[in-house]
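Chain IDs A, B, C, D, E and F follow the sequence of writing; residue 1 opens each chain.
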Amino acid sequence: MQTNMMAEMTWVEYLRRLQTEQQTVLLPVGALEQHGYHLPMGTDHFLPTAICKGVAERIPAIVAPPIAYGYKSQPRMGGGNHFPGTTSLDGGTLTLVVRDIIKELGRHGGKKLAVMNGHCENLFFAIEGIDLALRDLRFEGITDLKIVRFDYWDFTTPATLDKCFPDGFPGFALEHAAVLETSMGLHVFPDLVRIDSLVDDPAAVFPPYDVHPARTEWVPPSGVLSPAKGASAEKGKMLFDEYVDRISEALRKEFVETDK
Amino acid sequence: MQTNMMAEMTWVEYLRRLQTEQQTVLLPVGALEQHGYHLPMGTDHFLPTAICKGVAERIPAIVAPPIAYGYKSQPRMGGGNHFPGTTSLDGGTLTLVVRDIIKELGRHGGKKLAVMNGHCENLFFAIEGIDLALRDLRFEGITDLKIVRFDYWDFTTPATLDKCFPDGFPGFALEHAAVLETSMGLHVFPDLVRIDSLVDDPAAVFPPYDVHPARTEWVPPSGVLSPAKGASAEKGKMLFDEYVDRISEALRKEFVETDK
Amino acid sequence: MQTNMMAEMTWVEYLRRLQTEQQTVLLPVGALEQHGYHLPMGTDHFLPTAICKGVAERIPAIVAPPIAYGYKSQPRMGGGNHFPGTTSLDGGTLTLVVRDIIKELGRHGGKKLAVMNGHCENLFFAIEGIDLALRDLRFEGITDLKIVRFDYWDFTTPATLDKCFPDGFPGFALEHAAVLETSMGLHVFPDLVRIDSLVDDPAAVFPPYDVHPARTEWVPPSGVLSPAKGASAEKGKMLFDEYVDRISEALRKEFVETDK
Amino acid sequence: MQTNMMAEMTWVEYLRRLQTEQQTVLLPVGALEQHGYHLPMGTDHFLPTAICKGVAERIPAIVAPPIAYGYKSQPRMGGGNHFPGTTSLDGGTLTLVVRDIIKELGRHGGKKLAVMNGHCENLFFAIEGIDLALRDLRFEGITDLKIVRFDYWDFTTPATLDKCFPDGFPGFALEHAAVLETSMGLHVFPDLVRIDSLVDDPAAVFPPYDVHPARTEWVPPSGVLSPAKGASAEKGKMLFDEYVDRISEALRKEFVETDK
Amino acid sequence: MQTNMMAEMTWVEYLRRLQTEQQTVLLPVGALEQHGYHLPMGTDHFLPTAICKGVAERIPAIVAPPIAYGYKSQPRMGGGNHFPGTTSLDGGTLTLVVRDIIKELGRHGGKKLAVMNGHCENLFFAIEGIDLALRDLRFEGITDLKIVRFDYWDFTTPATLDKCFPDGFPGFALEHAAVLETSMGLHVFPDLVRIDSLVDDPAAVFPPYDVHPARTEWVPPSGVLSPAKGASAEKGKMLFDEYVDRISEALRKEFVETDK
Amino acid sequence: MQTNMMAEMTWVEYLRRLQTEQQTVLLPVGALEQHGYHLPMGTDHFLPTAICKGVAERIPAIVAPPIAYGYKSQPRMGGGNHFPGTTSLDGGTLTLVVRDIIKELGRHGGKKLAVMNGHCENLFFAIEGIDLALRDLRFEGITDLKIVRFDYWDFTTPATLDKCFPDGFPGFALEHAAVLETSMGLHVFPDLVRIDSLVDDPAAVFPPYDVHPARTEWVPPSGVLSPAKGASAEKGKMLFDEYVDRISEALRKEFVETDK
């Protein structure tokens, strides 16, 4: 049985790939968060998991089970944590989950790990988890685990953005459940996109600050921060392929040096 | 699009089911743990997730994304945490994950939650997560979330055990990657069972105590604690159907009272 | 002054026994928990402490002060944490107490530790405390502390159970404040057993799941989970002597290997 | 069976005394710490427990099991934590133990609690535990638990100190395993005082600062900070009786107001 | 004595301003972090503190003592945490500091708080601190504290950026110890800017990912991420005045609604 | 630019002083706490910071940014934490702040650290922070950081107390916002002392115990625990100079040994 999913492997298959073949482990970190009336709540873990699978077909890699629950949604990034359905962890909890998983990968003898984030709000808690894991691994005498960490959308090229947004890219800030994610969804999990429920609200307008407790009236009722109208499966494929290409290339480059 | 998986729903679909239809939420709690040469490492979260899906087809229910990483494997229960591949959380981390998820379900207005455990070692850390969540929810003024918690195997009937073990049931203690789990796997994820790799080691023999650090020589090299030889898809189906039946019935009974 | 209790020793006496004579340290872990109308609330730390004292008269050993407060009582194990008098720690607190004490014993130069549990609910939190202590000790460069951990009742032999339960042993599950603990109490602390207050309620009947918040109506008002009527000091002595014998033997065996 | 020790009571006896008779609960907080060549390591929990028992014979009170492990010994207070035998908790651990126990007493319906400290280093961690417990109890809606907290030696009168130290009292700072504690020991647990091992070292001399890691050469090898030579059982009885008298009186006074 | 600094006020002055005059409290959150060869390590707390003082002269406000230690520097944002001098807190520590301070302001009766961040890496840990504080305050029954949170640079207008960067603004990403901060420093603390030590390294070039442990060779030896050459006190004054103006206006607007 | 304040240095200046010149780092730990009607709330961090500056002019030393928020005020030490304005951290938070800062200083290569406390209640939480930092540094292989810790007032000589209190020194216990601190304030920050608001309440009288929740009626309304009437700038200068002298001498003595 051929699989790149760690959970589907037996431990001896995993061990051979990790230690003998020195394969990279890919860890998708996502969220369970409202994504408007048209995208499923798992979008932020479905997308990085799919990209990880794509990468694992290019470079020899193992995909660890995704972290499906992420940090609290922020109004200006994902609509805010007041939506029913959005199911978030405290920051410290997410940090510990990331820390513990990485420490185990280090114990297994892993040398190459990529942490792929699919939910903006996770950023710093994942970084802290990585830092604490490397600290504890140092204490165990393990110093040769190298970790590459990124938000997958940072691999988007300007050329692709131009194609996705013929009228100009409004910036990543409001791209929640909007053109990019919807296009990706139409390519990766078309059956889960309720395209008929796509509303055409105008983009949200935020001041340059947060208010806590959240000013929920600033967020469109759907939870979509800017119109998803231009989304298409073609754009999704283009984005997806670019992510897989460029991320595979980056990891190959980074981890070749490790091999030397 | 019809689905019972929370991550596949939009937030409004979830909200309608949770609040309007007063559906139950099912939370599978599992592990990523060695399961011998023949079962995938995800067995402990695959099985409760599958049972949850089965239950959700019987009673109106929503299946939350499984907790795929669990507490550290213990030699006498799951072979021990020294195996490569076994990827575990600290006890406190697991408790916080369970706590945070449940608090969010309470915030959403959930009244009926079932926590289905598929990895023995999770037991008390999940209980503590439930207790801490209910405590914090009380502080928020939410006192009407009712939680049913169980290890799915506790729903096995003696009659079924008799059929699975014609020579007598040796007890749950050594049933790690053995007849029950292997049979269930052959029914639920047959493609992931490497039946040819099934070894026929004798059952492990443990004294009535643990030793820390683990006496790894007490555990068979495969990680299987007792022979899986009698496993079959038929037994798996019988077990699976019984779990779905009896758990559905129990939840229906418990939560009907809540509705009153 | 001759004593095996660590708290009664001066530090130089302790040091001599620990380092020069390489004695074992025994740590009783218990609880303060309702035990029906007839047993004292300290039962779960009185009994393991008494057994530890008994063991220390057989093998050269030092008995550390018992941990007198344990994890929250569960309805199906100890009646539940809603009883007044039951005084419990959060799981994380108990883990830290166990961790800190063991780290100190490691710092003292201890090589042989037995953690004897007397309260079912403590199980995993004590295991986690042991794991975290050994982790920190590794970081300090201390790797030669060997820990044996057990629930004392796991040393009961079938032969003894037969004698205690002439009509058949109903299983450990409901043995809270019942025949075994009451018999032990009549042997170990007879003055503290209010034998006249022993009620003859039928055994509690539980479904194969918990409900949180606890369904307190499932628990007999006394807090006793199954009838203690057959209890006697003779049975208590038989059990006690067997525990002391078999535990002493197990520790001698385990720790002799350490000495080599 | 008549006892004031909570662990020796059944839960119904405790409940009656706590709720019906509105008795005070006394919680001794101590340590397991070197006390020179002549005093047992449990001195800091033996003494406050004995005083609590004495108080409970004067005012109707219940003595909870002592906290037998305390905060790390400091060189200028208790000789330092480098001594073998001294077995200490992290500060955060002690705080959580105190917090959890007090929260439970509040849950039981307790209104009157006295926390008696017998180990100088515990002071602030116990205060923090009290503060956190009262915070959580407020969140539960419980606001009528009143707690009196003290170090028992703060009840010593100048007149008694004059009698104990005919040549002048050198101050509490160096009174570790010295005249006061040794006298108390000769009165309370005479069999555990190795009076022949009492050394006559001069008092330790410390600068007005700590050094970390500890300058262990500043501490006498015995661990005694000033000579215990003038100690006697008579002085011990005088001190003990005064503590019992004055503490009983203080609690009666404080808690009478509560009753009103 | 006239001051807007909370630490310089007596408690009664503070109380009058907070409760009677309903003034806003401003909390600067910064860092102690390398800022190249020419800027002081306190830059990230000096600047927001100065802006807060400026704001407090426009709207009636109280400036709380700045949080002078922040989260770990990241290579792509602040050069990385490997530089000597950079003195950072764990993420969880920073969160707790923010949480505790805000809870106290809520206890004092504060209704209006602005948290001004001056160190990019603090972002999410401060958000989490705010969230946890509001949670605990809710538990205390306090629900009327409104918090505005921002990174001060988000108030920069395009017009001002055009003036600061006549050749085009390269983006905030590499603005560490570069034109904006250096200009601000020349205006706010000119004596602390070692203008002669300003190096003219080319801007750092980063791939779209992190590597952990940090690839320190990616960061210029000075720690400056892009050239500060165009910096001037005039630009600094222009930026500073704009921040004070626009932030004062935003707070006035947000908190007027609170007053209603 | 000549400065001894770490936050005002560039990282290379700091590095040269720390590593090449082996200078001592001084860390002031204070509080934000009511100090009566006449002293500013920052008194407890202003004073140790000023003394640190004075010491840094005598011995080559670097003054780290003060910790401006301390542990909760206690009625018998600082009037209690119920006063508006008093802004305190949980004990665990303060411990983590101290721990994290010290770990960073150890990472920088610091060998000599003095932690100067200016707020009585911080004592044990700072000690615990030091202990945890040294523990983690040991795990990193760093064992040569030596830390001197003290409360600055412990350097007061009897001769100086005689001059400050011609009628006899009543003891440090009630010296909150009283003669010593007021005199120091008149010398160090005369513009911030509202000398006209000095009230002449009698000294507070406390029993030898705390009550929780605090008996606020025991504390004078001003928050001053004993009369400050005899305070003067001259006394303040005398105290300040003595602290600088004696602390400089102590550090020189302690750290010379380190250099050898």
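Definition applied: a contact is a pair of C-beta atoms (placed from the backbone, for glycine too) under 8 Å apart; a residue touches a chain by one contact, two chains touch by 3 or more.
No experiment lies behind these values; they were computed from the predicted model shown.
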{"item": "Farthest chain (mean CA position) relative to subunit D", "value": "A"}
{"item": "Candidate from D-F, A-E or C-D with the same interface as E-F, over half of contact pairs in common", "value": "C-D"}
{"item": "Chain centre separation (subunit D, subunit E; CA means) in Å", "value": "47"}
{"item": "Subunit B and subunit F, separation of their C-alpha mean positions in angstrom", "value": "54"}
{"item": "Two or more partner chains touched - positions in subunit E", "value": "90, 92, 139"}
{"item": "Complex contacts: residues of subunit D adjacent to subunit C", "value": "1, 3, 5-12, 14-15, 18-19, 32, 34-42, 45-46, 64-66, 68-69, 83-90, 92-93, 96-97, 99-101, 104-105, 107-109, 191-192, 194, 197, 223"}
{"item": "Residues of subunit F touching subunit A in the complex", "value": "139-140"}
{"item": "Subunit C to subunit B touching residues, read off their complex", "value": "71-72, 74, 90-92, 95, 121, 123-125, 127-128, 130-132, 134, 146-150, 154-155, 207-213, 250, 254"}
{"item": "Interface residues, subunit B side, partner subunit D - complex", "value": "138-139"}
